[in-house]
Structures are given as C-alpha cells and as structure tokens.
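Dumping the structure here so I can ask a few things about it.
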C-alpha cells in the first residue's frame, strides 16, 4: 500500500479570549494544518498566530472554511443555498490567503470543516459550490475530502488536484461516514488505538467500522483533530507508528 | 486647480435580508466603489452581487474594511490594539480580493470605514496598522484617506500610493474633520448644496465649514455615501456639475 | 365560522443601521405584533423602539424567537439539538420580557420565526423544546403555530394556551405547509388576493392551495409579514375586508 | 472593619465549543457568581449549565452584562450611546432572568463586565444608562461596582441597593482603578499574595497600589476572576484566609 502519507490537524480554532488545542505541542508531529477561517472559529489575530507557528515548524497550511456558526462551531448542518455557500467559501479562503501572505505562506490545500465537510461529501449542490469556490480563488490548492465522496469526484472533474483523507481519531460507520460525535466511542482517545487505525488506513487501505465490518479506504492524508483531548500525544503516536512501519510522513504538496 | 477627480461611494453595505442604498441607480454616476468587507456590513453574497454590478457598470472597486461591529455599522469607536487591527484589515481585504477574483476584478484601492477611518486619520498606531496591512496584502492598491492625515503621511512613507478624499455630502468642521452624524446639518441632502461643495473642493481646493470658516483641502477623490438618502440623485448632481465645469470624472487608477 | 380574529405581523426585524418594514404605517391595522428577539433580527434598541410604537398604537406584543442566524434571517434550517434550542428560546423570550417591562408591557404570545417555526410545527423534539421554554419563562403567554401542528398539540398537552395561525400573504401547499419563498407565487402581494384569502380563512375556515386543492384550516390569528412589500396596504385590505364582512378584529388575549 | 464579605467570581464565560475556567472547582469556594449574558461571552446553553451548577453549590447568581464584543471578550472600550447601552443591559439582564427562572433562581445582583464596568464606574452617562436598565428590569437586585464610583453614587440616588467591590486578584493603581491587564503584574496569580490583598481589603479597608501607595477601599464583595489561571486555588486561599481571620464569607443578599 501507500509508502507515504500526510498528517494533518485542524488548527486556529480559538476565538478571541478562547483558546482551543495545544498547537505548539501538536505542530512538531504533523505535516499540514487546516486553519479555521473565522466563520466557525478563528478570529484574524488567532489565525495569524497559528499561521506564524505553522511556518516556524515547517508545517504546510490550508484553509478550513465552515458554516457561519460560531456558537455551534460549524458542527451543525445549516441549510445554505449553493450561491451563499460558494460566496462564503470564497470569502473565507480569500481571508486566509491574505493572512497567509503576511507570513509569506501560500495555501497548500482547502478542507471544509465539520457539518460542511459532511454535507459537501454527499450533496452534489454543496460539493459543486465548494469546487467552484476553490477554482475561482485558489485553483492550484489541493482539495481534501473523504475517499469516494461526490466532492472529490466533482473536484477532479473540475480540474482540481484532490487528496483523500482518513481520520485517525474517529470511528467509522459501515457506509464510510464518521460516527456522530454524540455517539459513545465516536472519538478515539487511546493513542494505541488511534495509531493502529492510522497505520491500517495507510498500510492496508482498510479501517474497522463501529459495527464490526471492515472498510476499504485509500487515503493520502490522515487527520488528527486539534481539539481532541490529548491531540499532541495522539499525533505523536500516529507519526511514530507510521515511521516505525517505514511509511514516510510528508506534506501533500511535496513531490518525492 | 484639479482638472480631474474620482467619484466614489460606499457599497455592498447590506447584510443578508437587509439591503442598503440603491446601488443600481448609483453606479452609473460614480467611478469607484468602496465595498464593505463583512465586519461592519456586507455578507459574502451581498458583496459578490455588488462586485458583479460594479463590473457591469465599469466602476473600479476597492476594499472598505471596518471595525467588527455589525450592530453599530462600524460607526462607533472600538479600542482595538494595533495587532488586532492589522490582522482584521488583512482578513477583510483578503476576503474581498477573493470575491473580486471570482468576478475577474482586482482592488483599485483600500478605504477604511466609519470610526476606523476617523481613528486611522489621527491615531499613529492605528494608521501604522492599516498601512502594514495594505503593504502585506495589496501593496499595489491606492490607500484613500483625508488630506493631511497621519494615515496618508505614513502610507506614503511606507511606499504606498495614496489619494486624498473629500466628502461631498458631509459638513466639515474647522479642523478638517467631519461633523458627527448626530449633529443637525452634518449630512448634506440637498443636491445643489452637495454639488456645490463637490465643485469647490475640486475646482478651488476649498470647503466651507460649519462654523463659517473656509478650509483648504486638496482632494483626488470625492465621496458620496451610498446610504445617504437620495444618494443616486446626489451623485448625479455632483457628476453633472463637475462635468459642466470641465472637470474630468475618472477612476483613480486610470492614467490620463 | 369565526366571528373574530387576531391580525398579527412580525416587527422589530431591523438590525442596527438596517431597517425593515414600515412599522408606523403597519401598526394601525394590526392587533398583535410578534417582535424579533435578536437572534435572527432585532438589536436591543430596535426592539425597544418597536415595543414603544406597539404600545402607542395599542397593539399587543409577543416574542418572536428564531435561530441564531442573522445573515440568513432565521430562514434556513439549522440542526440545533433540543437542549440548545430550549435554552435559546428561553434566552430570547427573557430578553424580550426585559425590554417589554421597560415599556410597561407584558408578552401576550410567543411565536417562533421562520425556519424554527416550520421545524417546530413538524418535529416533535423541537416542538417539545419550544413548549418547555415557554412553560418555564412565560407560561401565561399564548403559543402561536400552524393549525394541526405537533407544536400546538404538545403545547396544549403541556397546559399552555394556544392559537392557530393562518397566513394571509403566503401560498399554501396541499399538505398545509407554506410554499417556500423561493417559489414563484409563494408570497402574495396583491391586496385583493390577500384580503380574499384572509376572509376565506376566517369566514369559511378554508384556503385554496397552489395545486388547486382546497384545504380546511381553522385559525384564531392571521399573519401579514412585516417585510412583505406593501405590508401596510395588505394589512389594511385584510382588516377592511374582515370588518366589512362583520368579523371582529381583536387581539388574542382579549375576551369578548 | 468588616466582619463579613461576599466572595464573587465571573462565570458562564465560555461560548459554544469554548470553555473557560474551572467552574466546578471554583464554585465550592465562592458565595456569588456573576454570569455572562451572551454579549461578551456565554451562549444560552453554557449560561444555563452554569446557573444549574451555581444552584447545586448554593451560590447566589447575578447578571454580568457586557459590550457586544465576543472577539474582544468585552474588554475593549466601545463608544455606545446611552440609549443603546441601556437597551443592551436590559436585554442581557432579561435574558439571564429567563434562564435563571428555568433553574428556579432569581438574580441577586447585577455587575457590569470588563470595559463596560470600567466605563460605567467613571462616565456619568454610561452609569445612568446602567442604573436605568437595572431599575426597569430588576429593581430589587444589588448593583455591584467599585467603591466611590459614579455608578454606585447614581445607583443609590436612584433607589437601588449597591455593594462596593474589591479585586483580590488584580493590582490597583493610585487612583483606585485597576492596572490594565496588559501591564506586567496587573493580574495577581500567587495565592498567598491574593489572599493577603483580600484580607487587608476586608479587615483594614486598605490595599497597596502598584506605585507603592496605600489606598482606602471599603468593600462588601471580593472578586476572583473566573478566568484567572488557578482561580479555584486563589478563591480557596482567599476564603480560608478570611475564615481563619474570623471574617464570615456570605452572599450579599443574606441578612445576618
């Protein structure tokens, strides 16, 4: 199977007084950061601080646009029509490009957040809106999404580069979707378990599901959520397990 | 005096369900539009609609960043520290660049809005923050501000192109600042009066103040606020008066 | 059929600089006002101004809570869990009670707004959350909702007083729901048509649907949306048609 | 000097996904909680959770209204006119009354937050707005503020009950104001130092200032900020020091 993989985390997800995650402890272990863009989390200064940190650690950055829902952290589905959605994604990616420019960075990738990620994975109208937004504002960026999703399909049809993503710290259901966070066992917190799931995803292209099934999933990037408790420990466990197995952990954009 | 001038208005200042101003009736008379960026007004779709209209009318566009204060429409002073302010301006300008790109437009200028405009005109820390933001994210854009302001001074020192702006529809005080909107007579609504003030500003480089003084003000751009009642009529009166006097009304960026 | 009816409109739906509707021209014709509570529209001062106007015109006031979605004006469905929803309704109704107290008013009724109105009409979990909120914070208020809805059913089971509401200015579908605003013909703007639909609803308890059917709907209150173009004219047409037909137009709370 | 004092902390200052402070560890040591109202922090569900916790620990609750500035956490001055401010305080206190009612609680007190606290302490227009708001919506609540402030003076003149408050965990300047948080040494984090300052405030009615002066300050309530690092440890140290010195620590509203 794959001999290399990207390891990404969602960062910049504080807001003003509120911090989230332990970014300085997490950054040494990841290769890409998806940075919140202000709609579900991330005010301009918080975002900039995260971008500066990512640069210092040599971590590639991408935009992580979400629904305009601070109080729900972008994790609740919102009935946005495709034109609103397209403009909202353009706005957020543009804002992040601006802040990245102040740190001398360009965006490696775009990855939708939370409920928008889930919606764009399965809803052709939402997927098309996200694809149009990326085409318009950063056509050279890599679009991340779940393997086999309508989003990645439409993105490739539209000429974008894509990368399929798997989750190291989340339980899968039989249909390949993530178990909802409200469900017990949906968020994996045991480093050994997380590292094991990561390694199987990369080395075998398979993942066990909550129902006891075994799913085929080919991924180019692995995600550890920045706000999962103990995220730095999980990311380190994943990275060390991958490297011990001879898998190269490297940012998406880098050619071998 | 000047034989040409730019005529600008603030646009894109609705928000979701709420519309503001009569953009389609105003656009035929102006040469530049300063477009709200989402913090004091302007959601992504509203902004995009305004940008598309501006393009259709051949009107140049610029970013119009403000304080993060929707309910106060960015017209209340807010104690932002310079780092927050710089990041907030970068964020807003970046977002507007993204949306402008979807319409094939680039930003001609940047003009701060409301209380931020007033603050940056006189407060060196705020001015420096705005200048740094523009340098980082769109160094080729023209920075608008009041003639003689610390903002324009710092902008020129920092290598930016600047344009001094006068207000056709607002009363001036003896110190060159605008009379506060709460003051009776602060917003001029009589087309003849507005056209007259515009013409004197351009042809003589002078404006009468509320106190009966006469002020020297050299400007390269004239503003008619998009939300002043009857703005299209005012803009038309200004444009016709200027043209009748042989003044060329032309966007800032255009060379003769 | 009914010999009396309440005539209500949604008010207080501006936000800061943005006004919506012609409240002073609408208030003379209605008997109840559902006042926005700040989540989909309505900042504190706008709300208070509306409450003061309602008092001056002798119009009863109620709370009009919505989803926390200013940019979508509460008209987009949002996946709120019942506990969040209950707390959000309590918060909004409490805030409105506070502002009403400053004008010497108490709340006659509670009516959910937009997408929340539609959701609570058919979703038992959302309906229960709204009912619990009203029970906790203003158990003496009348809960408005569509006739036959799960909301009114649960409210009555929970000991609340209810009133069934019909829409004078919106087209109905065969299942008794409103045609979506995006659909042509969904919003009725012809005063004669609106008055006719109002009169039939009250006098016959029936309404024609978009598909040509005829629906049975018994209502105690009729709504004219405050933001429908020409709302004052529509409300006046409705009121005059009702009165000409001998129907008494009177606020809900008033006993004969 | 005083033989009893109230010990208060600011709580409910998370927002959605973001938590702030260790409320369950802090509540055992305090007697009153000032609960955020949604403008600077605190969404409805977070607020309700905090109210339920306060009830469980027998801690009295009050409203903690702030400026509408989530990203600035209400700690930046905002130029609100008195009518906007009055309505904003009424709105927030009303919302909290609603949520408190769901937990069977009534508001013991009102205490402005952050920059609004500082502004209302010295600005007669802002003070009058806060006083009018409390008079209208909860005239029986106790208004907290700094000793000798224009706020407490106006509140007493307006017939409200007041309580003067001192800060155990903040450094004072010679004029009795708090040293700005940006200043080194402004926030006290050493439990011994905090307990000592608390005890001197209560037992001697005096506090040492940053400049080396000694200030006279008579207080009925002591504050430990809920978001100061180690707040539970500080509150415990204060409470134990007070009790060891024979000072009774008791909520404001309780009569001996």
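So that you can tell them apart, the chains are marked A, B, C and D in the order they are listed, and the count of residues begins at 1 in each.
We take it that contacts are C-beta pairs under 8 Å (C-beta built on N, C-alpha and C of every residue); 3 or more make two chains touch, one makes a residue touch a chain.
Quantities reported herein were computed from a predicted structural model and do not represent experimental measurements.
Matching B-D against the pairs in A-C, A-B or C-D identifies A-C as its interface repeat (over half of contact pairs the same by residue number). Over half of the residue numbers found at the chain C and chain D interface occur in both copies, marking it as a same-residue contact. Centre-to-centre separation between chain A and chain D, using Cα means, comes to 40 Å. Multi-chain contact residues, meaning those touching two or more other chains, occur in chain A at positions 43, 71-72, 84.
The touch graph of these protein chains is complete, with an edge between every pair of chains.
By the touch criterion given at the top, residues 68-69, 71-72, 76-80, 84, 115 of chain D touch chain B in their complex. Listing the residues of chain A that touch chain D in their complex gives 13-18, 20, 41, 43, 70-73, 75, 227. Residues 38, 43-45, 47-48, 83-84, 87-88, 90-99, 101-102, 133, 136-137 of chain A touch chain B in their complex.
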